[in-house]
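Chains: A, B, C, D and E, in written order; residue numbering restarts at 1 for each.
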Amino acid sequence: MKKIIKGRSKKIGLPPGTLVHIGDKKMDKVKIIVVEYNKSQYNEREVENIEKIFPIKGKNTTTWVNITGISQIKIVEEIGRRLDLHPLILEDIVNTDQRSKVESFEDYIFIVLKIPFYEEQSSEIRIEQVSFVLGSNFVISFQEIENPIFNPIKERIRNPKSFIRKNGADYLAYCLIDVIIDNHFSIIENLEKDIENIEENLLINPSKETLQNIHKLKREIIFLRNSVWPLREVINNLERAESKLIKKTTGIYLRDAYDHTIQVIESIETLREMITGMLDVYLSSVSNQLNKIMMLLTVIGTIFIPLTFITGIYGMNFKYMPELYWKWSYPLVLLIMLIIGALMLVYFKRKKWF
Amino acid sequence: MKKIIKGRSKKIGLPPGTLVHIGDKKMDKVKIIVVEYNKSQYNEREVENIEKIFPIKGKNTTTWVNITGISQIKIVEEIGRRLDLHPLILEDIVNTDQRSKVESFEDYIFIVLKIPFYEEQSSEIRIEQVSFVLGSNFVISFQEIENPIFNPIKERIRNPKSFIRKNGADYLAYCLIDVIIDNHFSIIENLEKDIENIEENLLINPSKETLQNIHKLKREIIFLRNSVWPLREVINNLERAESKLIKKTTGIYLRDAYDHTIQVIESIETLREMITGMLDVYLSSVSNQLNKIMMLLTVIGTIFIPLTFITGIYGMNFKYMPELYWKWSYPLVLLIMLIIGALMLVYFKRKKWF
Amino acid sequence: MKKIIKGRSKKIGLPPGTLVHIGDKKMDKVKIIVVEYNKSQYNEREVENIEKIFPIKGKNTTTWVNITGISQIKIVEEIGRRLDLHPLILEDIVNTDQRSKVESFEDYIFIVLKIPFYEEQSSEIRIEQVSFVLGSNFVISFQEIENPIFNPIKERIRNPKSFIRKNGADYLAYCLIDVIIDNHFSIIENLEKDIENIEENLLINPSKETLQNIHKLKREIIFLRNSVWPLREVINNLERAESKLIKKTTGIYLRDAYDHTIQVIESIETLREMITGMLDVYLSSVSNQLNKIMMLLTVIGTIFIPLTFITGIYGMNFKYMPELYWKWSYPLVLLIMLIIGALMLVYFKRKKWF
Amino acid sequence: MKKIIKGRSKKIGLPPGTLVHIGDKKMDKVKIIVVEYNKSQYNEREVENIEKIFPIKGKNTTTWVNITGISQIKIVEEIGRRLDLHPLILEDIVNTDQRSKVESFEDYIFIVLKIPFYEEQSSEIRIEQVSFVLGSNFVISFQEIENPIFNPIKERIRNPKSFIRKNGADYLAYCLIDVIIDNHFSIIENLEKDIENIEENLLINPSKETLQNIHKLKREIIFLRNSVWPLREVINNLERAESKLIKKTTGIYLRDAYDHTIQVIESIETLREMITGMLDVYLSSVSNQLNKIMMLLTVIGTIFIPLTFITGIYGMNFKYMPELYWKWSYPLVLLIMLIIGALMLVYFKRKKWF
Amino acid sequence: MKKIIKGRSKKIGLPPGTLVHIGDKKMDKVKIIVVEYNKSQYNEREVENIEKIFPIKGKNTTTWVNITGISQIKIVEEIGRRLDLHPLILEDIVNTDQRSKVESFEDYIFIVLKIPFYEEQSSEIRIEQVSFVLGSNFVISFQEIENPIFNPIKERIRNPKSFIRKNGADYLAYCLIDVIIDNHFSIIENLEKDIENIEENLLINPSKETLQNIHKLKREIIFLRNSVWPLREVINNLERAESKLIKKTTGIYLRDAYDHTIQVIESIETLREMITGMLDVYLSSVSNQLNKIMMLLTVIGTIFIPLTFITGIYGMNFKYMPELYWKWSYPLVLLIMLIIGALMLVYFKRKKWF
């Protein structure tokens, strides 16, 4: 089951700024990709040693360093030391249970975001954390695992005519955030498909599995919502941050990103309302199903009650019961019972009682 | 079923400002109507080629260009290029899954709205998107399909004495928005009629269909609400926008439009409360119905229980049972059983147990 | 049934400011009462022709014109022309589906309010609309029907020593609003009586009618709430309006009116909570009632089951059943059955199972 | 039953500022206690005639006039005339259905509060109204009935070393308010005890009385909440009021009072949540109880069904049924039936079906 | 059971600032630990007499005085007198039912917080109160009982290289608060484990105990939430307090603490949603379980009904019933009954009715 809090207790009492990796260790090796570009130049390379990415500042190119595998604390420490990052920032980078947030400093802006993934097989949503350090001419991104969602951005950087090549680090950061927000739409589409599947089962054949699926989906949606709500604040704070690191022309893009975030949140709330409604339908339809069966059984019982009563009458041992001695009374009684039974059956059928 | 998100995932990773038509392609051909007017002049024509609408700026007339069929991306691109619109605006025009919003620029204001339609046959609400670009002396409207709701405005423009002829582009934009808001009232009236229909069935004959209708209506209302809420913000932002493009005299009209929007929202919330209440009534009335039937069947059973017991007594084979040998005991027992049955029937009837 | 929206759709597409009477036509004739007063003078007359009320401005008296029957559009138009009212104001006066609001202009303040009435017979709340135009020395009130609630104010104006005679038009407007707010208290008292009546039935004899009454009352309360909420805004805006038309000394009166409005809203919310609670009690008490009956019937059945079993035993045809040939076994078995039945009855009674 | 609105309708149409006592007349006689004190002096006396309390202003002592029995309107009028109080203030004093509020004037501050009392016998909460007029060197308090909660304050004033003797009228007013807020804590403690009592019954023996108690308590809590919420605003407004009548040093005391008010509100909300939860538990536990009994009865019936079937078999009149003529078959069949019954009993017991 | 209000009523009527210990007396003896440190020095000692901790102010070291056992009022009084603390502050220190708050003065800041503990044995959450007085160069902490959660901080102070040694009293105060916030995460982890345990039982074997556990947990979560919500305000006020006592560099740490507090609150709200969802599942699953059993019993009854009817037929005493005299009819009838019973059993099994 998904955890609300991931092993935070092991940090209790440690001084603030202590680097402790919190979360599952998802990768053993660290992979560092460096992309440097400006209008005319483009250079992409993988480096083995974190030292090799420096110096970053003071170049005429925009540098994007993408570091995958944050569980190796030393690398994060080294970057922090070189770029003079606040210890709390470093702590937040390696703590994958961090809430999405943005923190603005003189020289850099620090952003933590959540990337949700939909696992087709288990219909579960995994949530990865990504952090950005946005400087005047660089973006450093820290990811838990290697993740294909940033690949299209690399493609765009490779294209010398693309808008991204004409703009600086703040636009690159926006593009990375935008792709994360857009990613939510595909998850919502998947969740919607799941809801439709459940809904079909709900009407045809509501089983215990359906209930479990509804509850699982409900929990998934709650977790997704928890990870998305802070996103709204983050984008809003970025848009309003009066930092020299974000150019004025990037403002409209951030406003657009904000609109999309609102749309994501509204969609998730609608999904939640739908799933809650489905739970009510499920409960009422299961209860109805049970009641229908009980009613059918009771109808069967009720049909036999007067018939059994008749057999009881002719099972009485009175000496003076003239019918007992008539020749055709036995088949007649059988016939009468048949008729009574049939009439009741027809009556109950007409009343739609079974 | 209606989708919360329409195929947004096909845009993931594309650069912002890329024009991709999102939504169902509802028209093959584009239709462009140009209306030019001022106090004394009036001119309405259909043009085949988008080039022919230019130049727009700098004329002494107000120009309204109504473009139907936004799935043809080239035309949107051409207009964007000619009027120097921001790429994100063009992206929003062709993305029919856009949230209602207003974006204010130096030279123009961009507005996206939703027009809901009530389809009589399916009792479903379709939602179309319309975008406006409001300039100093022009309004360009982009619609998904040809839509009769703007016809009355054309009529008013044709009338040389109308108020609209004495005012500029901002008043025209207001009129277009006003007609969209008013359109919501007719939808609410239709939804109210649907609710009344369901309510009648609810009391007379609550069936499974009733439940489905309630759920369908509930979902329709949720979708409508989702499309209406942002409208409030849009009108509010327009009213407060300190843009030279909106004259001060138009302010009171926008305030009036805002009041109507609030009324629309309150009505939808009331509808929602009513439909939720109906669901509760439905569930309780179905459950009661079932219980009533069960009770009736149980009453039948209960009446026969003592009678069958009596037949059991006289079916016992004791040698010394004097009654068995009396002459009238058989008819007497029958009579007694009849009386007991009748008394129970009367008692249960009086107690209103069936 | 009450409508959320009253025939608004007939206005779709009409230019803003078009006078269309919306709502039921409740009066055929128009009645115009003019009251002019100052500290020393008092004059009340009914006029046939709207022209006769002019001129209003520039007199040394405060003039109150009360117009009943707004469905006659021409009169509203004439007043609008004479006092130079904005066309949207005139439109709002004749549209009885208008939301309560206040609109402040240079020369006049326009106020729309709702007056709820409790119809004793049907226990229904009718809602009438009243509009005020408050000028420097006049108040013009527009009512749908002739309404006794303003009579006490006329009485007070007639009294030369009354506070109202010493104050101007703004105080008169406050008095009219105050009487409308106070009117809500009597409605709340009536609704409370209705709730108490239902509550009594709820405990003694919950019937289908009770459910319908609860639902009717719930809907009444929702409608009342919808009409009251905007009232709060109206009074608040009036109090804060920095208009030269409202004297500073009137401020404390408006603050008092605001307090009363809050009290009205809180009372309605409490009523709503109570009626919702009653619905839950109703459902649970109906369900309990049914269950109790079912249990009683089952108890009856259960008592006879072992007795019938005993008759079954002595109805078996075994040759060697010594009891069958004893002389007293028949009455003994009857006695045993009686005892068993009585014991079960006592046991079930003690367990309070019926 | 408690009323939401107490006879407010008798004031409809009366001019604002008209003194009408609203509420139950709880005392016939008026009792006026005057306490005058400063650091060195102390004087407490009961006066018969309201005239004797004047002059108040301009003395070097702080004067506290406590008037019990506000239904005598003349006294309130006289005080109002002498101290030049606003007519609306006088109206509010005698209207015991007033919402808690604070109204700040140049020369005095007017405060209306509610004092809730817990009646041990009926477990009901009675709510009394108390008003304060705080001037530069006096506090006049108006109470519905004689009330012991202000006695400790008198005690403190009598003590020449107490803090209250060193401070002015504003501190006295704070002390009176503080004692009212503290009074809420004892009520919450009592309500909590009631909830605990109900809870015990809930698990052992949920009866119809329990339901009524829950509903009564729920209503009490709703009424208490309604009376407490405005208290928060009152204290907050007092704290923020920039009045020369409240010294700066009294600010921290008011902030403390505000904190306590928040705690009262939170406690009441928690009580409400608890009582709502108890209602759900009650409903589910009653329903379970009924189901358990039904199940027990059904189990009894089910055990006898196969036994009765066996007696039926040997009650058949076939000529060739060899068992009928065996000597030991009757006791054998009885034994078999005993075993079958016992086995079923054990099985059902193990399954915990009864 | 936990109390919402702890014995507050014994303070009613006492003057504000009176020191009355409220809450359970958890320790008899007072323990006073004094820690003095700066970059180069470190000194920790236990003092018997409160006098010995003075003077505190004016030293070049940061002093942390940790006082355990606040029920000894004299010590609190003495400290208050020496440091010139406001009487209300002293009252709050000894009142363990105080709401979390921060109060800012010229010379010191007063903070009250709640420390929740999870008692493994009873799965209950105990809540202790801790107060801080933060001065220019000292922190005095008042605890109810000796508590290990501050030990790691002592460890850090002992370490001469630690960040805490380089910073002043405000950073020490932050560290103490941070450790309290972090402590919440371990409680949330424990609550989550409890929820998982219940959830397992819920699906396998929902018993009455499960219901009690759910309710207990729900109440625990409500209490925890009540204690955590004010924490948010406290941290926010501290961060925004423009006090010279809090250095600017401490701001980012407080912002981080605020983020963690938000995360704690969100986690608790998620827990609450989960536990509420579980209650619904429990109720529905218990009801289903009961219904399943009832259905099984009814199925058993239904199978025997036609069989018993058949025995009834051949128990009739008609003279002319040819079957009775056939040789093989008895075993044939037994066989037929067996077949009918088996067919019904198979049919019901296939329908999954039991």
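Throughout what follows, contacts are C-beta pairs under 8 Å (C-beta built on N, C-alpha and C of every residue); 3 or more make two chains touch, one makes a residue touch a chain.
Quick caveat, the model's predicted, so the values are computed rather than measured.
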item: Those chains which touch chain D and also touch chain A; value: E
item: Least step count from chain B to chain D, where 1 means the two chains touch; value: 2
item: Distance between chain centroids, defined by C-alpha means - chain A, chain E (Å); value: 27
item: Length of the line joining the C-alpha centres of chain C and chain E, rounded to whole Å; value: 44
item: Sites on chain B at which at least two other chains make contact; value: 287, 294, 298, 301, 308, 312, 315-317, 321
item: Chain D partner contacts - residues on chain E that touch it in the complex; value: 1, 3-5, 7-9, 11-17, 86, 88, 92, 99, 101, 103, 211, 215, 218-219, 222-223, 226, 279, 283, 286-287, 290, 293-294, 297-298, 300-301, 304, 307-308, 311-312, 314-317, 321, 323-330, 333-334
item: Partner chain E, residues of chain D touching it in the complex; value: 149, 151-153, 155-156, 162-164, 174-175, 178-179, 182-183, 185-186, 188-189, 192, 196, 252-253, 255-256, 259, 262-263, 266-267, 270-271, 273-274, 277, 280-281, 284, 287-288, 291-292, 294-295, 298-299, 301-302, 305-306, 308-309, 312-313, 315-321, 351, 353
